[in-house]
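Structures for review follow.
What follows is a pair of complexes built around chain A, which joins chain B in one and chain C in the other.
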Partner chain A sequence: MNELIFFINKVLISGSIIGSIYALGAIGVTLVFGILRFANFSHADLMTSGAYLSFVFAALLPGLGPVIGLPTGFVVLPLSILFLAAFAVTIDVMFYRPLRKRNVRPVMLLVASLGVTLMLHGVIRLFAGTSPRTFFAEQNKDVFRIDVPFETTTRDLIISEPQVLLIITTIICIVSLHQFLTRTRLGKAMRAMSDNSELALVSGINTDKVVQATWVIAGTLAAIAGTLLALDVVLKPDLSFNLLLPIFAAAIVGGIGRPYGAIAGGLLVGFSETLAVFNWSVLLRPFAEYFPEWVEIPSRLNFVPTEYKIIVPFVILIAVLIWRPTGIFRGQVI
Partner chain B sequence: MNFRRYQREYLFFASVGVAVVLIVLNFGDAYALRMLAEAACYAILALGLTIQWGYAGLFNAGGMGFVAIGGYITMLIAFPVNHDFWGSEGAAALGEFLLEMLVVVAVVIGITQIHRIGIRGKLKVILILIALVIAFFVFNNQLVPVARLIERESGFIGGLGLPVMLGWIAGGLAAAFVAYWIGKACLGLRADYLAIATLGIAEIIKAILKNADWLTRGTLTVSPLPWPVPTPNDIGFVAARAAYLALTAILVAVLFVLLQRAYRAPWGRMMRAIRDDEVAAAAMGKDINLRRLQMFVLGSGLIGFGGAVLISFSRIFDPSGFTPLKHTFLVWVMVLVGGAANNLGAIFGAVAVYIIWLMGEPIMLFLFENVRLYGSLWFDWQAPDDLMARALQARVFFIGLTITLALRFVPNGLIPERIGRIN
Partner chain C sequence: MLINAINLVAGYGGEPVLRGVNFAIDSGDIGVIVGPNGAGKTTALKSIFGLIRLSKGSVQLEGEDITNVPPDRRVRLGIGYVTQERNVFPSLTVRENLEMGAFIRKDKFSPVIDNMFELFPPLAQKADDVAGQLSGGQRQMVAIARALMVSPRLLLLDEPTVGLSPAFVSEIVDRILTIARSGVGVLIVEQNAKRALEIADIGFVLASGKNLFTDSGKNLLNDPEVAKSFLGG
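Right after this comes the complex of A and B.
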């Protein structure tokens, strides 16, 4: 049974954690793609910026967390959401809108987003340095150990407080996004514009407002995802540059422009990654006696060594592009 | 070639010339020669990117990957033979492993032909997928012991000791080969997908080179890489670098002439037609995806070749030294600032931006030394210890700013494409 608990800890819990992060990032990417028609390379750095914003706020208001009983970084999240959403809109006004007004090809916006991502990179490195930081310098990271009521187990299920918060927050985000997209005027306008922007324009939808709303949502999700990831792991400047590929893979797997697809894609990519690097010999070892004698179970048996984890989202991406470029949920843009 | 028509070109190249003279006077010959030789290598990279972006409108965000392939293949071909390895058991084990992989590949190819015995449709796809997963699993778990053996016995497999130039060409071909497969998967789709895929493949190539110690010595790095011209150890820094610069300058000139001819030829015209209006070009019967693939493969091959020349010049193969910033985005700035779809613009952009990039280092250090000084004098500000390192890291901000500003204010670059007229 210990092995099974190990599997749950390493695959089910880690997979849903990283999958939630990817899902949150992919929703942001996919919304921007649906409305503005370009792959936003700066989304990952927006996430990192959100994490650093939370770090700054947490440093400014250190007493807040213990009062409420949650990590300070999480408690200040509304503040960083506010700032990052405003920041995302500002970036759009400064760098993307002038290009849109000139009616350039969408790929030009992609190049501009590359420029934006490099600028964010530079600013973060200048003000925060390159060394990793942690949110839990003064506060303890609570870890829940859940005892499994079986005679034969000695291991516990392990899940940390930030991870619980992450899963709860992700669910709240998804539900409220769903409500927003289906119940409000603005949400419906967004969906209309994502389906057909010319038609949306002639039916009197204020496209500027829709674009703004898109950036606000993208900023909000980026702040949440970045902060929660930094709470779970560690805060460093290249935190999210490694996330770019999995996030894009998740968005494309789910069908670009499809927020619900992005959630499925995020979880798919997250679980594939953890399953691929999982050491399967742990699960095989208890059955060693049932194998013929010449079969020897190696000490490590995984699909991909941990160093090459980035191969997993890439393979998923390429496979989807070859077999089903519209993604599982049939996104409209190819 | 009248002066008035090419005023812009003369002006910009003259200012680069002045900058070079100033650098020679301030920093000495050896430094200026190193800078120019590297700038010439970057010019090859910029030419490769300019035919992808400028001629064909393809977004390649994986320059670093192709540079790394070029660099690695050059190292593999030109680095002296590691006799320890060839005399050890590792060589035999590696041979055995390669044979095993040949069998695996044959089996997988066999399964892809399974429709011949009547298994089609979904079942075939599922079988192929299962075969691929198993093949990868076998590959991965067979490789580990071989790699460990080689690393323990002889460090790494070393090179083949062949001429450097051969390595450069092979590096370009290897990059083109990788580009072919990427292009095949992504070129029929939106430009964004190519950008994402190239970004991914670049990171994967870097990860492999960094972690496969038996191939590359990983973080231990390999040096000194051989040069096709006498090295500084033989004839001193100035003479050796001058020789290398002469060689790279000739390469750039030859490539420039060839590309210029290709640009003017019907083939180049067709490429521009596809870039400007792919629907019209398709209506004229042009195979757009095939042509784009040609462009992408050619450009990536050039980037691989340029990368090989660049890495050889640095004399050290260090997988961690490949960064998206230096090998992808810097080249992008060169092309965007210099002028996409104009080879002269790309060369100008490469030299000018590289000079600015290098000079940015002392300028940033000077600037931040003052920030530290006056910050502590006026505001009693305690600067962090790593301020200087941060200042250098922050140069990436200016790279990004240049990209966005160039897009907004000089969308066609400083030396824009000249629309030719038929007379």
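Right after this comes the complex of A and C.
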């Protein structure tokens, strides 16, 4: 039983956590692609910016968390969302909109987004420096150890408070996004514009407003994903830049432009990563007596060494691009 | 005149496609634009809707000059436009497609949707199906109904029956007659000149970006010269 709990901790819990982060990031990327038709490489640094915003607000309002009984960084999240959504809209007005007005090809917008990402990179390092920071300098990070009521188990299920918050918040985000896209006029207009932007214009849909709503949602999701990731690990300038490629893999695997695909893609990539780096000999060891004598179970048996786990999303990505280039949910072809 | 397009000159850069054409139709009239491939039929429709900038000429809607009004504002002024291809939102349901047609309406538009289901009964059963899964004819109905959601004064249709089975063609034609009878001016671009002229109050025969003949549909059908050049004898 201990082995099974080890598996749940290392694969199921870790997979849902990293999968949630990928899903939140991939939804942002895929929505922007669906509406504006370009791969927004600055999304990961938008996430990092959101985390730093939360850090600043948490430093300004340190007493807030203990009063409510949650991490301060989480409690100030609404403020960061507000600022980051406004920031994302401002970036669009300053950089992307002038390019759109000139009817440039999407690849130009992609290059512009690389410029934006480098800028955010620089600004964050300029103000915050490069050293890692923690949200839990003055507050304890609660870790829940759940005792499994079996006589033979000595291990506990382990999950930290930020991780619980992350999973709950991700579910709330997905449900509200679904409600927004299927119930509200603006949400339906977003789907319509993603389907066919010319027809949206011809129908009299206010496409500028749809674009703005897209950035507000992208900013909101980035603030949530960035902050919750920083609460789970540590806050550093390259917090989510390293996640850019798995996030894109998740968006493409799910079908680019398809928000539900991005969720599926995020979880798929997340779980594949944790399954690939899991040490399977832990699960095999209890069954050693059933193997023939000449079989020796190695001490480590994983598909991919942990330090190379970045190859997992790429393998999935390449497989999808070869066999199903539109992704699981049949999105746009890039 | 409901719509009066005067001396339109327009193109896509380079040689103009339209070289000074005129269209005018009244409310409740069906106008049909016919002509050989490359005559500028679709371009004419696009320039009336404002999708193409005119290098010369003007467009008036009930006497009001709308030459420089952008297309989304023309929708508000009461012009509905149905493109030839990609004219529905494939991942939205039929009902959502119609709602998007009514995006600019501030009033309660569910009665208008009910009217559309009355006008196109096959859509009523498919209301909650995604438009991408409909047949070509049903999709065309969604596209026309979507454009009608703003209760337009003028409806522009680009080849509404192309590629449809004969049963759907007569159904669509029938609906167009109903729409016109309700007082909407309809301007149609049609490849099948003969059938289109049969329902036309006024026909415009274009060739190389110019008006060649303009007359009632009946007269054009009986004109030996039109028959010889465009209707296959």
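Just so it is clear, the second predicted complex is superposed on the first by the 331 of 334 C-alpha atoms of A that agree within 3 Å, B and C clash if a C-alpha of one lies under 4 Å from a C-alpha of the other, contacts with A are read in each partner's own complex, and residues count from 1 in each chain.
Basically, a contact is a pair of C-beta atoms (placed from the backbone, for glycine too) under 8 Å apart; a residue touches a chain by one contact, two chains touch by 3 or more.
This is a predicted model, so every value here is computed, not measured.
With both structures placed on the common chain, the touch criterion links A:Leu245 to chain B but leaves chain C unconnected. In the superposition on chain A, A:Ser197 contacts neither chain B nor chain C. In the superposition on chain A, A:Ser131 makes contact with chain B only, while chain C stays out of contact range. In the superposition on chain A, contact is made by A:Leu321 with chain B only, not with chain C.
Across the two superposed structures, the residue set of chain A contacted by chain B and also by chain C is empty.
Per the touch definition, chain C reaches chain A in the complex via residues 49, 51, 71-72, 75-76, 81, 83, 86-92, 96-97, 99-101, 103-104, 146-147, 150. Those residues of chain B whose C-beta lies close enough to touch chain A in the complex are 57, 59, 61, 125, 133, 136-137, 140-141, 144, 185-186, 188-193, 195-197, 199-201, 203-204, 207-208, 210-211, 325, 329, 332, 336, 384, 386, 389-391, 393-404, 407-408, 411. Residues of chain A that touch chain C in their complex: 185, 188-189, 191-192, 194-196, 198-207.
Contacts from chain A toward chain B in the complex involve residues 33, 38-39, 41, 95, 98-99, 102, 104-108, 110-112, 114-123, 125-126, 129-131, 242, 244-245, 248-249, 252, 298, 300-305, 307-308, 310-311, 313-314, 317-318, 321-323, 325, 333-334.
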